[in-house]
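The chains carry the letters A, B, C and D, assigned in the order they are written, with residues numbered from 1 in each.
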Amino acid sequence: MEESGDVYDVYNINSPTSWEEHQHQKRDDHVDVDCLRRKIKFFFMNPCEKYHARGRKPWKLVLQFVKIVIVTTQLVSFGLSNQMVVTFKEENLLTFKHLFLKDFSDGDMDTYAVYRQADVYEHVRYIITQFGLLHNNTVGNHEYDKNGSAYTPLSLCHEFYRNGSIYSGTETIDIDAEVDTECLNIYPMSPLTQHDALQDFKLHFKRMLSVKVTFVLKAINVQTVQYREMPDCYDFTVLITFDNQVHSGRIKIDLDTDVSINECDNLKLSGVSPRKSYLTVVFDCLIIITCMSSVALCTRSVCKGIRLMLEYVHHSNKHCDREVPWSDKLEFVSGWYIMIIISDTLTIIGSILKIEIQTKVLTSYDVCSIFLGMGTMFVWIGVIRYMGYFRKYNILIVTLRTAFPNVIRFVCCAGIIYLSYLLCGWIVLGPYHEKFRSLDTGSECLFSLINGDDMFPTFKNMKQKSRLILTTPSSNSSRVEPRHQSCRSSCRSVQTCQSLESTD
Amino acid sequence: MEESGDVYDVYNINSPTSWEEHQHQKRDDHVDVDCLRRKIKFFFMNPCEKYHARGRKPWKLVLQFVKIVIVTTQLVSFGLSNQMVVTFKEENLLTFKHLFLKDFSDGDMDTYAVYRQADVYEHVRYIITQFGLLHNNTVGNHEYDKNGSAYTPLSLCHEFYRNGSIYSGTETIDIDAEVDTECLNIYPMSPLTQHDALQDFKLHFKRMLSVKVTFVLKAINVQTVQYREMPDCYDFTVLITFDNQVHSGRIKIDLDTDVSINECDNLKLSGVSPRKSYLTVVFDCLIIITCMSSVALCTRSVCKGIRLMLEYVHHSNKHCDREVPWSDKLEFVSGWYIMIIISDTLTIIGSILKIEIQTKVLTSYDVCSIFLGMGTMFVWIGVIRYMGYFRKYNILIVTLRTAFPNVIRFVCCAGIIYLSYLLCGWIVLGPYHEKFRSLDTGSECLFSLINGDDMFPTFKNMKQKSRLILTTPSSNSSRVEPRHQSCRSSCRSVQTCQSLESTD
Amino acid sequence: MEESGDVYDVYNINSPTSWEEHQHQKRDDHVDVDCLRRKIKFFFMNPCEKYHARGRKPWKLVLQFVKIVIVTTQLVSFGLSNQMVVTFKEENLLTFKHLFLKDFSDGDMDTYAVYRQADVYEHVRYIITQFGLLHNNTVGNHEYDKNGSAYTPLSLCHEFYRNGSIYSGTETIDIDAEVDTECLNIYPMSPLTQHDALQDFKLHFKRMLSVKVTFVLKAINVQTVQYREMPDCYDFTVLITFDNQVHSGRIKIDLDTDVSINECDNLKLSGVSPRKSYLTVVFDCLIIITCMSSVALCTRSVCKGIRLMLEYVHHSNKHCDREVPWSDKLEFVSGWYIMIIISDTLTIIGSILKIEIQTKVLTSYDVCSIFLGMGTMFVWIGVIRYMGYFRKYNILIVTLRTAFPNVIRFVCCAGIIYLSYLLCGWIVLGPYHEKFRSLDTGSECLFSLINGDDMFPTFKNMKQKSRLILTTPSSNSSRVEPRHQSCRSSCRSVQTCQSLESTD
Amino acid sequence: MEESGDVYDVYNINSPTSWEEHQHQKRDDHVDVDCLRRKIKFFFMNPCEKYHARGRKPWKLVLQFVKIVIVTTQLVSFGLSNQMVVTFKEENLLTFKHLFLKDFSDGDMDTYAVYRQADVYEHVRYIITQFGLLHNNTVGNHEYDKNGSAYTPLSLCHEFYRNGSIYSGTETIDIDAEVDTECLNIYPMSPLTQHDALQDFKLHFKRMLSVKVTFVLKAINVQTVQYREMPDCYDFTVLITFDNQVHSGRIKIDLDTDVSINECDNLKLSGVSPRKSYLTVVFDCLIIITCMSSVALCTRSVCKGIRLMLEYVHHSNKHCDREVPWSDKLEFVSGWYIMIIISDTLTIIGSILKIEIQTKVLTSYDVCSIFLGMGTMFVWIGVIRYMGYFRKYNILIVTLRTAFPNVIRFVCCAGIIYLSYLLCGWIVLGPYHEKFRSLDTGSECLFSLINGDDMFPTFKNMKQKSRLILTTPSSNSSRVEPRHQSCRSSCRSVQTCQSLESTD
């Protein structure tokens, strides 16, 4: 390994000469040096060489490969079951849009809005009517939520400024910025009440901030039966918002759902034997154990490295009277071990979360998937380290390593230019183009323009759904030569100046 | 040939000198060596040089050029007739969608679904009504299939879980995972039966898995008459599926057709004399014969090469006491010959399949086109070999050859990083973006993002139709320097260590 | 000029030394050589140097710059007037689609088709009704064409196979491939006839090939009045085709127009004084004269070059007894002159066509624009030559020149691989993806995939309108080394020649 | 600083040797030279070195960093408030389109047109009816404008050629190109008048140029209350145009608004304490003061540089008898200072404009945002200068500086080729593809094809809104060699100067 063998190399090549010059050194010292040299040499060997040198079995290596296999298996199985849940959620969301939004058609959501007073009333009435007819309408197994024996009602809330008279014509505004909320509960299965309730439902359009319709529906994901898993029960809290914050004459309508997943109360399955769920938990525990032992082994190696480093530093100080530079010290702490430890930690946390999800204690698929995903990614990237043991494959690693500081420097400079463009683009182009309207869309747009301009729809689509996820693009390190003697001249000038003065 | 002439060159230049130094060698030996040298020299000549050297006519060369012409001719003629068949199929599919799917409009297929119970009944009734009216409606020549004297009926099948009560409200599920199927046959030309049959057709929405409507329509591709070919008879098995697997309240409707092509029973054509079909078969046979002789000639050359290699190896072992390395041995087996043999084999299989298709024994256009397509591709790529005979054109070949191992190595490392990104992207971004929903779409998306992000629609479109076809993109070998001193240091350390010990 | 000045340079620097060494050479010979040397030296000077050397005014240079200005002016004025004509045509086409096609909406044209017998009749009737109502409907100034006193009728033609019975059910075909045409003339302004005529209009769907509706409408482009040009009269021949060639149950409907432009018969304009049209013609004549003198001057230069070359060849043969290589001979014929001659010829032809168009003899805007466009392009590219006179700007030219043969070679090899991929892609992917359906779309798709995959819509859009235009993409000359020994050989030849002489 | 430190360096290193050789030089002269040398040395030091050398505090540096922070803060706060205004305007525009345009749906604007006489009347009537019903319809707070006590009327104007009879059928045109305008005022809240007025409203379609409907609506941006800002009053002048300039039978309908923003007359706010607006003004003043002092300091530095340069030039002339080249002179004037001065000037102008906007004197957000945006961009780019003080970060600056002339030269040549392609593409492809229809779209299309072909929609979208904004893409400086002899000459000049002296 070129990158870590340097310390030892130089040591080997240089010390003999200095050693031969000073034959009068004590024998004791030499034995010490020799011993340290052997230790360091052994430390920087790769598993294969260690086996040949002292017959040490490469347990860590084997463990890593076992880990890759089982971690990937876990990720794939988790991903597949996750996929089913996500599909169920998405399709339900689509169903609700089609059932409760008047004249909705696919792909309309961005421009779905009303512009007339009559339309607003009509849309609200449509939602309530459809809610009442749900059990005769839906082709799924949606049902009303029951709180004890009574149904959970649909709640229709109207938010508006407490008081105020706005007359644009005479430019007269007298407004109280406090927000009042009036709510109306409508129970399903009682059509008469519905009609009466809506009879005297009036909206104060000039003061109105929003109308919110909320109700809860229950559903069961029966599909899992075909994959020999137990079906889950879902509570969908549907929230329909008529948004009039801007008061521009356009009321945007938005439908969103909040999902909670429970184990069903009364479950009887025949004709198929569901897979034992505890097996998955056992597999997860196995992974946790594997990762823990991997952490232990790596920590030990790191400790060993640090101890060896201290010994070496001590020796250098004592015998050569020179400080060991930081770059040499860092050679003793392998970055790969650090990465493995991080990856293992992520995987362990992810697996624990997964067990919780499996046992329906938690439903935070998102957080769990981030931990598991990152963990697996690092584990796979770790494979590159083992490729580095083959001579010809080492290039990539060495190149990355050498290029890194230069790339960072380039990115800094380019980043500042990017930032200055972005600020300018946002403020100047913002009013004329939707893509530069806000700082984050502007940034995405600029970035995708640099990279070929079609990433934008992807970014946009993704952003609407979750702001949790941050994608860090890999920096394009465009060949920066590492030679630069920028300030050297200025330093030298000072030096020479002094020497001149002294010669006077 | 620059790339393969090396062996001979070195041999020529170096051996004489060594030979002059050892004048005491036996004359016999020398004659042998000289003979072998001549043989090898002749073997590595290109056709032109062979002709000049011994007047050997370049039959193989001529044969290859003849092959390129006739194989391309065959491919183009096959492609053109294939194109007509595909167009006919596609347009029929579109026609069926417009005739049988209610409110269908072009480009809707992805979002074509129903969300209400009444809509499902309506769509089913629409299909059956349209099926009954077909002969008065269609502008094509579609007719019902007749099984003897009776018409083949439309079959309407309803799949559902055998038994079960699902109440989401009380979270009560009692389900039997066995699937039952109830079918209903509806005969065309008997409207009364239709009405009665549908009267008591009830769907159990909570247990329903799918509704499938199947019927057979016959059509004739009359268009071929204009190209002086005989018209074919088509049997379209139309399958309309109402898919409720997910039970999310959204029933996706899909229409697909299965096509079988026959020779028509009673064919009478006047006003035009159709092209003789046996001529095409004769042409295909000619191609098979050409390819076979090409295979024979190439196999002979490969055999000759192997025999010469063995002789050379034997000689080396005997006289120079050294092992011939594998890279030298491989020089004797020309990769081009292997490629020609593969290409010929593919073409022969493709041509046989084509004859079968021509005579209506088979209808597997797909498989045939893969064989013919791959065959022709290799034949054309083979042309590059002959360009290599010109000195200046040789660059490309030599470059490709030298770069190959480095490219493979780079691809390995990059592939692992790609895989780790993909797994992470799938699990983390999957729930938020449709493109990362499944592993294969995620992979396509990542790949097209790297290449400029617009390949995605192409991929997506293609994927829906057939999973048979796999496109392997050529790896972008981005300049990897061939210098790497990766493990040298470790080797050196061992060496130095030994030298140190020896000085003790 | 770096590239052509070498001959002179080396000659100047080296010859004196060789000349001084050999004082015994004959005076006569030397005078001849000296004279030729001076001639060649003067020939390869650039205009500026020629002026300094012999006071020769750079007429050609001045002429070229004058030409650039007037040719560009002409192109821009032609383009602007052309633009107005094109817009008028396009908008009329759109208007006809909206007026005569039932339920047409913008962007529908690709999928505009009918699938039911009743729909076909309805669409035909709609066209005829709208044609009858045109004068009350249109907001433009469209009117019926009059042939003498009678109106030109709308003609409704029905093409079908002469005879035949097609029964898909029993697979019975008895067809006569001859095509019959039945036509019906319907006169505007006579609604009764219309109704009667359509009463007994029956289509034989099974034998039908197409229904074509043709009529002529007149319009006047009044818009030009605002730009002080005389308005033109347009005859639009509208052709609506119901295409049933494929007999797949889908009848595609297409509307196309054929335009002829005439001078209006009775034109009276007040309130504005139209620009004199003969001024434009005078300007065009000026361009023709300029280009002709440019051609004359360039031809003279080329002739001079050839004469000088012959003299040099003769001299070399006589004194040095050696053949002058082709590359040296070509140095004497400047490619730039050839390009200017071609460009001038194109411009002259284009200008003549333009005069014809101006005087309404021709209406072939397309052909004229190709000639003028190509001419102007070459004139502008010619500017680069003059940049080459500045030392630092010369790089681009020299690079292009040297790289050319290598690029061609690379393109050859890459072209073969491209072709093999294309053939394979067409045959294998064709059935699955529309982009690979035919050879030309496949080629466009592959090309645009290589270049970033978004050229496709552009190509596709363009292709539908005209197949006349061929766009040749500029070859991307990928990194060609700037070493070039182009003219060195010629220099050396002169040198060697002298040294040979001196040894005599 | 490599680029400017050279002068001093070489001077230091070389001069001693030459100085020691010539000990007989006068002491006086030497003192002068030495003094100048020290001055120049100090001048080219960076702030840090200056501090170490003479204890000079880096006020300028500190000021710059303070400036970056406050300028960015200002920009972001301005941008955010601007964003709110833009959103309000945009949403109102959309609302007007939905309220007043018949059958309008989002994204239709490009193809929104009418083709029949009846449709034109219907659309006009619809607008007037909707205008009458506005107060019962809109969900925003739009109201009619009142001029004193009377309402401002809707004005319906009809533009047509004064006189003329156009008969396409007989090709007879008799037209008076003068344009007449007939207007009709319709007052809201008086439905009877409306009906009567429209009764005898007739359009002369053959002569008609356009119909324009104009009216004024008032609105209040109440939304700002939530951000603790005072609400503004908006006057929207809505202009609906039926454009028939082309007379092609297609009348394009366009709706546009003109906005003016005022402070509301009668404003009473309770429940929230609005932010003091004078604080923002104070902050802007602070920025102006900061920028002014920055300008002052930089101007002083530039003056100092010029004075030093003059001294140096004088010295060179006197002692070395030689002209100082321009490149050396320019070394004394730092480009960075110039940039800071420009940036400060822009920011000051922008801030003044911003204060005007804040106090509702002006509403030119556009101009202000351009000044502020450019100012901030330059300030940020200026940061790169300070990075150049670190040795390793200097590369980017040096590379950019050296590459500049070569890049410019390349751009010139490429620009000519681009222009020639563009002209040819416009004239030849224009009629066939909309993207090449006009010179500017053609240019955009060509540019985006070069860059990956997806910039087009962005460009197009942006262009429709404002032609004020010009985006200048940064030139991609493709691989420029890092050799640069920028400062070498200056060093050499000093050197030569001394050697000259010494020979005296």
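Simple rule for what comes next: contacts are C-beta pairs under 8 Å (C-beta built on N, C-alpha and C of every residue); 3 or more make two chains touch, one makes a residue touch a chain.
The shown structure was predicted, so the numbers you read here are calculated from the model rather than taken from an experiment.
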| item | value |
| --- | --- |
| For chain A and chain B, chains touching each | none |
| Numbering shared by both copies at the chain D-chain A contact, with half separating same from different | different |
| Whole-Å gap separating chain B and chain C, where each centre is the average of the chain's CA atoms | 38 |
| Whole-Å separation of chain centres (CA-atom averages), chain A against chain C | 53 |
| Chain A and chain D, separation of their C-alpha mean positions in angstrom | 37 |
| Touching two or more other chains - residues of chain A | 452, 454 |
| Contact graph of the chains (line, ring, star, complete, other) | ring |
| Residues of chain C that touch chain B when the two form their complex | 111, 114-118, 120, 161-163, 166-178, 205-206, 208, 244-251, 405, 409-410, 412-413, 416-417, 419-421, 423-435, 437-439, 445, 449, 452-454 |
| Contacting residues of chain A [partner chain B, same complex] | 1-2, 5-6, 8-9, 12-13, 16, 34, 37-38, 41, 44-46, 49, 72, 75-76, 78-79, 82-83, 86-88, 91-92, 94-96, 98-99, 106-107, 136-146, 218-223, 225-226, 231, 233, 262, 264-272, 365-366, 369-370, 372-374, 376-381, 383-384, 387-389, 391-396, 398, 451-452, 454-455, 458, 461-462, 465-466, 469, 471 |
